[in-house]
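In what follows, chain A forms one complex with chain B and a second complex with chain C.
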Partner chain A sequence: MEIKTGEYNVWNEGSTIHYEGTLRLSGTDAYQPILELMQAVLAEKPQNMVLDLTQLEFLNSSGINLLAKFTIELRKHPELPVKVLGSTRIPWQSKSLPNLQKLHKGVELVIT
Partner chain B sequence: MKQFGDIARHNPAGAFAMRLVISDGPLGVSWQHASETCEFLGDAFALHHAKSGADYNEARHAIVYLVNELLENAIKFRVPGAIRVDCSLASGNFELTVSNDTAEDVALRFQSLIEEITSRDPGELLIERIEANAADETSSASGLGLLTLMNDYGARLGWDFRTSTSGAAVTLSTHAALTLN
Partner chain C sequence: MADLGRLGKETFVNGSAAMPPVKGGAFTSFRTKFIALIGATVLLSLLVGGGVGLWNVGKLSHDASAEIESGLTKANEEYLTRYINMTSQRATLMFNRTFDQVTGLAKLSQSLIDNPQLNQDLNAFLEQYPGFSDKMTYNSAANWMQNARGEPSVISVWGYLLDENGRMRPDVLEAVRNTQFFDLVVPSLMTSGQDKLQMYYVGPKERPIMRTMPYSDQAQTFDQLYPGNNSQNWWDFFFPGVYEAWESWLKDPSTRPVPTDITVLSPYVDAITGKLIVSYFHPLYTRSRDAVAGMVAMDVTLEQLTQLVEDVKIAETGFAFLSQQNGNVLTITPEGESLLGLTEVSATGAGVTGHERSLLKSTFKDVASLRMPRPGATTIDHVTVEKDGKPMGLLVVMHPIEPMNMWQPNKGIAAENLMLGFVVPDSEIYASLYGAQKQISSATNSIVKGILASVLGFLALVLALSIPLSRRFTAGLVNLADAAGRLTRGDYDVQVPVKGRDEVALVGSAFNSMAREIREHTEMLEHRVAERTSQLASANDEIQRLYDKMKDENLRLGAELDVARKIQMMVMPAQGELERIPDLDIASYAEPADEVGGDYYDVLYIPGGAKIGIGDVTGHGVESGVLMLMVQSVSRALYERGVTDPREFLDVLNRSIYKNVERTRTDRHLSLAFVDYADDAVTISGQHEEVIIIRADGAVERLDTMDLGFPIGLEANINDFLASTTVPFARGDVMVLFTDGITEAESEDGRLYGIDNLVASARRSHHEPAGLIAATIIADLRAHIGKQKVHDDITLVVLKHR
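== the complex of A and B ==
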């Protein structure tokens, strides 16, 4: 599955979801196709799940809310290992991604 | 006239400063203008800030995020009319004011939201509102952008509501300040 525009790409390779570019959509409705892609990966009942954000240069607060909502969905699967990958090169990730761990203690956050 | 939060401006008259006006237009066009405006201001102010040896990347990102969030709100909640953007930087203190006209009922609802999100620790409120929003499919997640600014970026925010010059709407000026490292 892949959602590709001039500004961002979101795609999955197995149960790893990759995000790339700049995501600055106007609200919950605009983010719905991306949420559906994420939910479709979860519906496959994977052994683990990885959200790879290391190429996502910008995410607005509506997008951060999308990640938060999905993290709350993941909480309903306590047996599923979840890893969120970030980059120290991209400042929003060190600032905002720790909030996901507050929502779901099972999230392993790796920012390198 | 009604004011909330921290509206004091500290940068002196000689500070590095810019004023931009985003003209009214369709949502898609305005959204694109907001995106270009925040990238431009992020670049210009971070370059200026980095002259003192500070981290360009950190400063640029914080400015882009702040300007983008306030412009998104202005575009979503304005009545037809321009959005004015004023920014200045002195001694690592970045100040931004975004002004636009909004409908009176929207302004009143926003005032209640401001009272709520400024009443307690923004970190706790951010998590509580995310949880509430996830439980309610119809929620618009309002306030989350402002809470991320306060909690994740340490932004100091203030709001000033006045009757617009035409008398038909409310002029809202949102003030923000960030300490750049």
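== the complex of A and C ==
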């Protein structure tokens, strides 16, 4: 599955979801397609799950809300190991991603 | 509906206006074309047929003309050749008769010379008869002797033959006596044969006495016309060279140009008679034939020859002429002379007056370059002359007559062929040819006229027949054209009458069914247009209704937004409220990205302290604004209830917001931090952006709040994540609180403003009052953003310890 525009690109390779570019969609409704993609990957009941954010240059607060909501949903699958990949190069990630770990202990945060 | 129907009809009318008119154009109607085609076909075939006929007639007439011309030319030439030969023979005969008489006289004279005794006896005998003895008298004035008038012949003895006493030398006297036979013989010769002017005897060079029959004042005339003749030898004076030529002939007869002794003088004007004459000389020889002994001669006028020549009549104006070999024309009619462009000049010779009228000097080039025929041959030439200013073709036939010895002044004796020439105008020779050609031409003309008349007549007949025929043929098409015109004008009920079963009838049937279909289609179209128009009208009504509704809702929505925004602005702390806080100089700046912002900040005053909150609701717009209002209200309530513990404060706030978010299904949360000031210290709690403190000495402290709290409204219980930290905040210290709308503001080239720029900007102006610091930061931020779109709400709060 892949959602692609001139500004951003979200796609999955198996249970790894890649985020790329700038996500500045207005409101939760606008993020619905991306959420559906993530839920679809989750619905496949994978052995593990990886959210690769290393190429996501910008994510606005609605996008962060999306990640938080998805993380809360992941708590219903405590057996599923989740890895979130971030980059120190991108300011918002080190600021916002730790909250995901706070929400769900099963989230392994790797910021490199 | 009515509008659309009319529009449709107008389109059809315009379509017909663009079509060429069916009737009226010269070559547009099928019938005209049909007639033109038939006319052209018939005309073409007739013209081709007529043309071939005309060509054949032309060729025939040309061939006939050529045949006739060739035949006529041959016949004419044969006729002329025969005629000129005959005339030539007649001329020769004429000359021969003269020659015969001269020869006769010469033979008689010669025989007397050869028998001197007989001559003496004859003379002695004759002297006994009156009239035969010459009574010579001496003319002392002129110094010559001549017999008296009344004698049959005149005898002149020149001065150089007399002695000093004016008496004849004895040999001369004898010679005179020896010529007395002349009076006996010559009169009979004179009256017989050809008309002769005179016959005469001239003695040998040593005594050139001259006896001439009939008598004339010979010596007197000579003295008058030829002065000096009496003092020079007669032969040398009058005919130089003749005598010597004869002497050479005597030695070798083969040197004669023509094998006869007769010598002819070229025509000249006779001194005595004044007539144009020709003289025939016959030499006499001594008995021993060793010397010339004078001559007998005869003068003949050219009249007889002229008569012969003038008697020649060919066609209407054809004539003949006689010329010498050198082209000198001897006899010709005045008309002929003029026609051939000849001019007469008199040439004076030594003793006689010559005659010059040469063809070679004709004023016409063709005539001047005429070639002379060879002896025995006949030439036929066509020449062009000019008569009355118009060119005129002449046929010139020439034929030489028998050659003769001819003496000419300064030239001596040479063979001479006199030329007989016939001249006939072409128009007369070819009169019959021209007549035939004229007849052929007129016949051709009448044939041409006949062909043309038949071509035109047949064409008229064909056209006359094809017009009603074409009317029949094209009636169906005309009906069709009319019907199509009516159809074009919107008469969809039109039908054409269909007769017969030809293609036109088939087209007619097809047209009828087409017209019916068009009528049905048109009716259906009108029906459908009406239907569609009605649907459109109702849709339009619906649209209008919806539009009105939307306008209402929009207004209402606008009003609601206005209200929300006003409420939001109203709950923001007023500047006056901020100034009530004794220790703190507070300035704020808030600019929502939409009409209603999602950022939150508040300053709550308590005696001896203050609580400053700053937060950022995810998203913006009305829902974010409402969530912010809730946060503000709950905060206010908690504050008023005296909840001072920062963790408790945040915990209760989170619970109430979380429950409200759940109830309202608002998919939002917020970051939120509080700064509590009291007694030169600040306690910071809650998770939000970094808190920047610029100390009075310019030192910068950046306090991370990530571990001091958790997003509000996301989790039901965040108690475990809550914490607080307390730092000193003394006089001159500056605190900067902000939302990510500032640090993540993009420049035109996509760079984020960032916290470092914010810190630098605050530090640059930290000694200023809070209001100026905030203004400096915002100005710097504005400069950074430039014309770039502002994506997020921007909120800035600056606190400065007084």
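In this section, the second predicted complex is superposed on the first by the 112 of 112 C-alpha atoms of A that agree within 3 Å, B and C clash if a C-alpha of one lies under 4 Å from a C-alpha of the other, contacts with A are read in each partner's own complex, and residues count from 1 in each chain.
In the analysis below, a residue touches a chain if its C-beta (ideal position, glycine included) is under 8 Å from a C-beta of that chain, and two chains touch if they have at least 3 such contacts.
Everything numeric here is computed off the predicted structure, so don't read it as measured data.
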item	value
Partner chain(s) touched by A:58 [first = chain B, second = chain C, both, neither]	both
Contacts of A:95 with chain B and chain C, given as first, second, both or neither	both
Which superposed partner A:14 touches (first chain B, second chain C, both, neither)	neither
Touched partner set for A:103, first chain B, second chain C, both or neither	both
Contacts of A:33 with chain B and chain C, given as first, second, both or neither	neither
Touched partner set for A:69, first chain B, second chain C, both or neither	both
Doubly contacted chain A residues - partners chain C and chain B	24, 26-28, 58, 60-62, 64-65, 68-69, 72, 91-92, 95, 99, 102-103
Residues of chain A that touch chain C when the two form their complex	24, 26-28, 58, 60-62, 64-65, 68-69, 72, 91-92, 95, 98-99, 102-103
Complex contact set, residues of chain C against chain A	598, 616-619, 621, 667-669, 687, 689, 706, 710-711, 714-715, 721, 740, 743-744, 752, 754-755, 791-792
Chain B partner contacts - residues on chain A that touch it in the complex	24, 26-28, 58, 60-62, 64-65, 68-69, 72-73, 89-92, 95-96, 99, 102-103
Complex contacts: residues of chain B adjacent to chain A	27, 31, 35, 57-58, 61-62, 64-65, 68-69, 72, 76, 126-127, 130-131, 133-134, 140-141, 144-145, 148, 152-153
